[in-house]
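Each of the next two complexes has chain A plus one other chain: chain B in the first, chain C in the second.
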Partner chain A sequence: MNLRGRRGLAHTLNGPQELGHGPVFWVCFAAVTVAALAYPAFGSVFALSNLANFCLYVPMGLGLALLWGYNGVLSFGQSAFFAIAGYVYGVIAGNLIDVPGGSLLAVAGGLGASVLVAAVFGYFVFYGQVSGWIIPLLLLVLSLILETFMGQTAGYQWRVGSVLFGGYNGMTGIPSLQIGEWDFGGASTAFYYLVVVLTLLVYLGLRILVNSRYGHVVTAIKDDVERTRALGYNVNFIQIQVFVLAAALAGLSGVLYVSWGNYINPASMGLLSATLPVIWTAVGGRRSLLAVLLATLTLRWLADTLAVRGGEYAFLIMGVLLLATMLFFPEGIVVSLARRYGGWKAPTGAMNRSGSR
Partner chain B sequence: MTNRPELTRTDGVLLRTENLVKAFGGVTAVDHLNFELPAGELRCLIGPNGAGKSTLFGLLSGLHRPDSGIILFKGEDITRLPPYQRVRRGLCQKFQTTRIYRDLTVAQNLLIAGGARSRGETNERLEWALSTLRLSEELDLRAGRLPHSHQQWLEICLTLATEPDLVLLDEPTAGMTPDETAVTARFLIDLNEHGLTVLVVEHDMAFVRLIAHRVTVLHYGRIFSYGTLEEIEANQEVRRIYLGEQ
Partner chain C sequence: MSLADLVSLVYQYLDNIAFLLLAALGLMIILGVVNVINLAHGELIMLGAYITTIAYHDANLPLPVCMLLSVLGVGLFGMALERFVVRRFYGDRLAALVATWGVSLILSQGALLALGPSMPSVPLPAWTLHYEGYSFGGYRLLLFAIALAAIIATWWVFYRTKFGIRTRATMQNPDMTRALGVDTRNIYLLTFGAGSALAGLTGALYAPTTTIVPLMGTQFVDVAFITVVVGGGANPIIGAIASAALLAGISTPLSSILGTFIGRIGLLIAALVIIRFLPRGISGYWQDLRYQRMARHSS
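Let's look at the complex of A and B:
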């Protein structure tokens, strides 16, 4: 191994920090990619739209995997960044509906708002040396405060330009993303392709990141903050960078969500929405991007299928699944199976001397 | 803190503390300490338990903040700099208990350690150290599975990966066998002869005898005595406080 970290892209993509190596994995990966790209040729519009909906949550899940699994910071606030981006996109896109490129500006605005809030929040939390156990609670509070605030925005006085916030009824009629002639509405094939390509790019991009030297440092901070600081790293700044990246990915999911459904309401920041990304990440295995990707898609599908038979008990099953995973597969189902049957030897994240995970 | 002109003269002094004070509650661990370390020296810091040795290391590396006093490194006042800024200026510490990334391989440990200050050139001193300590044969092994002595050596190599001008080694031979201690001593002498300034805290007097040219004795957070090894060993007061002789 080259100690200076000058390794090829292929080597970095295939590095030890992520599950899935070797020809078999990459052949399967290529087959699934081809199948996903070919699906519009035979899938119904309804099925495409559903699958696009499942996929659009993947960036948020992968962001949490990076933040929690690799950097050791649990967050119950990804929903806040999801919704901030969604609302800001709605406000800008709604007001610039007739302006060419208006929805692209709205995407930039939505992502920018999430990044800004995360950067300010992260600055105070990480430079303030807030305890690792307090951060998830603070983020949950942020999400719930935003939910409460947005819930009371009913009435004509709560508007920006021509766009009403709508209180608990939510913001409706949000224009879908539009680039030139292409309209990325929730039922369109274009939107399906956009979401699938973004999912792949985010997954492969994060795979490269976690296997790079920077990714190793991100993991090192989780394993031993003080040691990493004593090797010359500005740990607080790196933690903010990771936090902001995770928030931007949640924001990306938020923007895609409103482009898909043309609607967002405060429930997207509620307790349930705040908990779901944590469930996807924990059930799959926070220490692997692939595990979280698979868990996000599977659990979104499961929740959707169960919801048809009765919405409330779908959430109950999610809760049971989380508890069962924590009891029987503390590392997550996919990661545990990969260790048991695939011989994967990535770090366990076991408690170290500094007491952090 | 201002950089007073008379304090910025180096005169071959790499590290200097002036009136350094650190108290924990009612206990003054480091008490108006004035300490100097010339460039290129291999110095041992000894003293009874509670003398302030590890606290001094914490102050030098930036993990503790002093209550008063200043620390000069290469003539620059680094008293208020965070730890990572000190490492980037060339000052790196090995902790008392082994602090390596146990779940990662030796190569991954070194990859992390070499990132913050790497100039993109081959770190010849590190390559030499890995080869000398035979860690270059263990690059793909998980660090937590190495024998204890190899873990200690790996942590020394992690400090070398940061391309330091001064390394602070807190009990580098703790838990080692006499043979391993001798290897470590020879290694540190060679390392020092490669031009690296080394400051070692050590309890094991046999090890101190193997490596030290000069020894500083700390007691109650102050310098109790300083001199060559022979002078220190001949000093009756040192023998009384440190070696327990009547």
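Let's look at the complex of A and C:
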């Protein structure tokens, strides 16, 4: 495969592991990008802040798409990494509020904490070579235990420096990200640009990754673990790398979320929050990054609309949507449409029998 | 430590074992035979508790009859779940997890919408035993006895009935079993129903001891998942007993000294360490040892 030079990069970007090829797709992509970047010129502050809120979940969704769709490892615990990063960011940024560059340090700390937890967890499950169902189960348990723990941290004795954990009411007054003179508060245009640019970078970066040589190995692990191992790849280590990357992306979403809302509570890693990334990925179609990106934005918008009218039905509708997708569009709705009308077929191991024992 | 303290510790240990066994046994049988994890297991437990509560308060039936209704009702519901949802995912176990998670959301949110945030509680049968200043709930001891009875009943079905022989054959080699004329789809359907009925039993039994809320399933599933992961699906009976005895041994001292949260964290860490060395759980390891011994004897 030609990976050298500019033609090589364009070639990789257009590889077979992701839907959307050819001039029409890229013209549309460029048009949407320009529209998103020009939106602050005429959108209201409220609309910008809302759109930024939808976009900030995209890294978490794309991370799960990479982990589940491309590497075959399911996770019900992305919300745990989201919340760990959010809380750690809150603790550091709250204490370093007067220090210049303190919030950047907090970003590093938040992402670092997620990466560390993911690496330790990943060591045990991937080097143990456990069966596929154990990992999502234990991650769900991790998420639930952390939620219970954070829920009982009400009171003055639960604090780090000047920052209170706040129990079920959550941590409040978390300072927004600040770089130099720019304040990336939730209602600022700067934050909107930051989130849009990060979303684009994460999408294009992952698109290059899955179509690279490394990405093909990642996909090969999903199709047949033993054969990939027999070809001499360090399967366990690659799985840990992908798992850690997905956790870091969930952590990025968590950091952006607290910078947007200045607030995080234990419900952000509870059962219902843990469900959301899985729903986005399943409904969009886990074998395509673009499908998950679209599903994340659409379902975030849907959940927001439902919360305004008839919030009590929101999770029932999400559950029905998830079950219906799994029953009638097992590949995901966007991917099924792309297959039917666009002729795109996610490359899979044709001889894949690993799940049918 | 006096004798009374020791008795108290043993009582707590038995109480924890009963909880782990009852929460996990159904899930483990389904994993062992059908090779699928039902993420809606907690909601099936919730359903069992609701049936008991509603039958007790609205139909004024005696408590044991209410519990029997839970077992039957949730068992039938589980069979419907297998027939219309789970059966489609036998080729892809991760998809089965996700689909049953959709079911779990629908059940818990549906219960919240249909029946409100809480239910009137069922009175706890008031039997207490007193010993040296400690008092012990007789109902808790009854729970332990029922957990043991459930294990023995499972063993009897697996090893002393024709259905059990077919089930074990299906676990070992489904293709071969089908070739011998056994309808394995029926085995899967009935096993799923039996596992669900055990969830219904658990919900019914714990209904008098906790508050009945739509999300009550979660307090059962986190320990149930750990028990299943540690026990493994290779032999549900050995796995359930060994795993519950070991995990209760870890969590009883931890939670009585350091609190429930540390107890739960201890369970999670224990699970991670155990699967690092025994990836198929205790029963998988036990099965490997047995096969090795059989191979040595035959050579």
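The criterion applied here is as follows: the second predicted complex is superposed on the first by the 344 of 357 C-alpha atoms of A that agree within 3 Å, B and C clash if a C-alpha of one lies under 4 Å from a C-alpha of the other, contacts with A are read in each partner's own complex, and residues count from 1 in each chain.
In this text, contacts are C-beta pairs under 8 Å (C-beta built on N, C-alpha and C of every residue); 3 or more make two chains touch, one makes a residue touch a chain.
Small disclaimer: the values here were computed from a predicted structure and weren't measured.
Novice: What is the contact status of A:176 with respect to chain B (first) and chain C (second): first, second, both, or neither?
Specialist: Once the two structures are laid over each other on A, A:176 reaches no partner at all.
Novice: So, A:145: does it touch chain B (first), chain C (second), both, or neither?
Specialist: In the superposition, A:145 touches chain C alone.
Novice: Could you tell me if A:234 is touching chain B, chain C, both of them or neither one (first, second, both, neither)?
Specialist: In the superposed model, A:234 contacts chain B only, not chain C.
Novice: Thinking of the overlay built on chain A, is A:124 touched by chain B (first), by chain C (second), by both, or by neither?
Specialist: Only chain C is touched by A:124; chain B is not.
Novice: Given the touch rule stated above, what does A:316 touch, chain B (first), chain C (second), both, or neither?
Specialist: Only chain C is touched by A:316; chain B is not.
Novice: Output check: A:220 vs chain B and chain C. Expected answer is one of first, second, both, neither. What do you get?
Specialist: It touches chain B, and chain C stays clear.
Novice: Spot which of chain B and chain C makes contact with more residues of chain A, would you?
Specialist: Of chain B and chain C, the partner in contact with more residues of chain A is C.
Novice: After lining up the shared chain so the two structures overlap, which partner does A:268 touch, if you call chain B first and chain C second: first, second, both or neither?
Specialist: So A:268 meets neither chain B nor chain C here.
Novice: In the superposed arrangement, which partner chain does A:16 touch: chain B (first), chain C (second), both, or neither?
Specialist: In the superposition, A:16 contacts chain B only.
Novice: Using the touch definition from the top, list the residues of chain A that touch chain B in their complex.
Specialist: That would be residues 1, 3-5, 16, 213-214, 216-217, 219-220, 223-224, 226-235, 345, 347-350, 352-353 of chain A.
Novice: Flag every residue of chain C that touches chain A in the complex, lowest number first.
Specialist: 35, 37, 85, 88-95, 97-99, 101-106, 109-110, 112-113, 215, 218, 222, 225-226, 228-229, 261, 264-265, 268, 271-273, 275-277, 279-280
Novice: Can you name the residues of chain A that touch chain C in the complex?
Specialist: Touching chain C: residues 68, 72, 74, 76, 121, 123-125, 127-134, 136-138, 140-142, 144-145, 148-149, 152, 271-272, 275, 278, 282, 312-313, 315-316, 318-324, 326-327, 330, 355-357 of chain A.
Novice: Chain A touches which residues of chain B in the complex?
Specialist: Against chain A, the touching part of chain B is residues 61, 63, 82-84, 87-88, 92-93, 95, 97, 99-105, 107-108, 110-118, 120, 122-123, 126, 139-140, 142, 158, 161-162.
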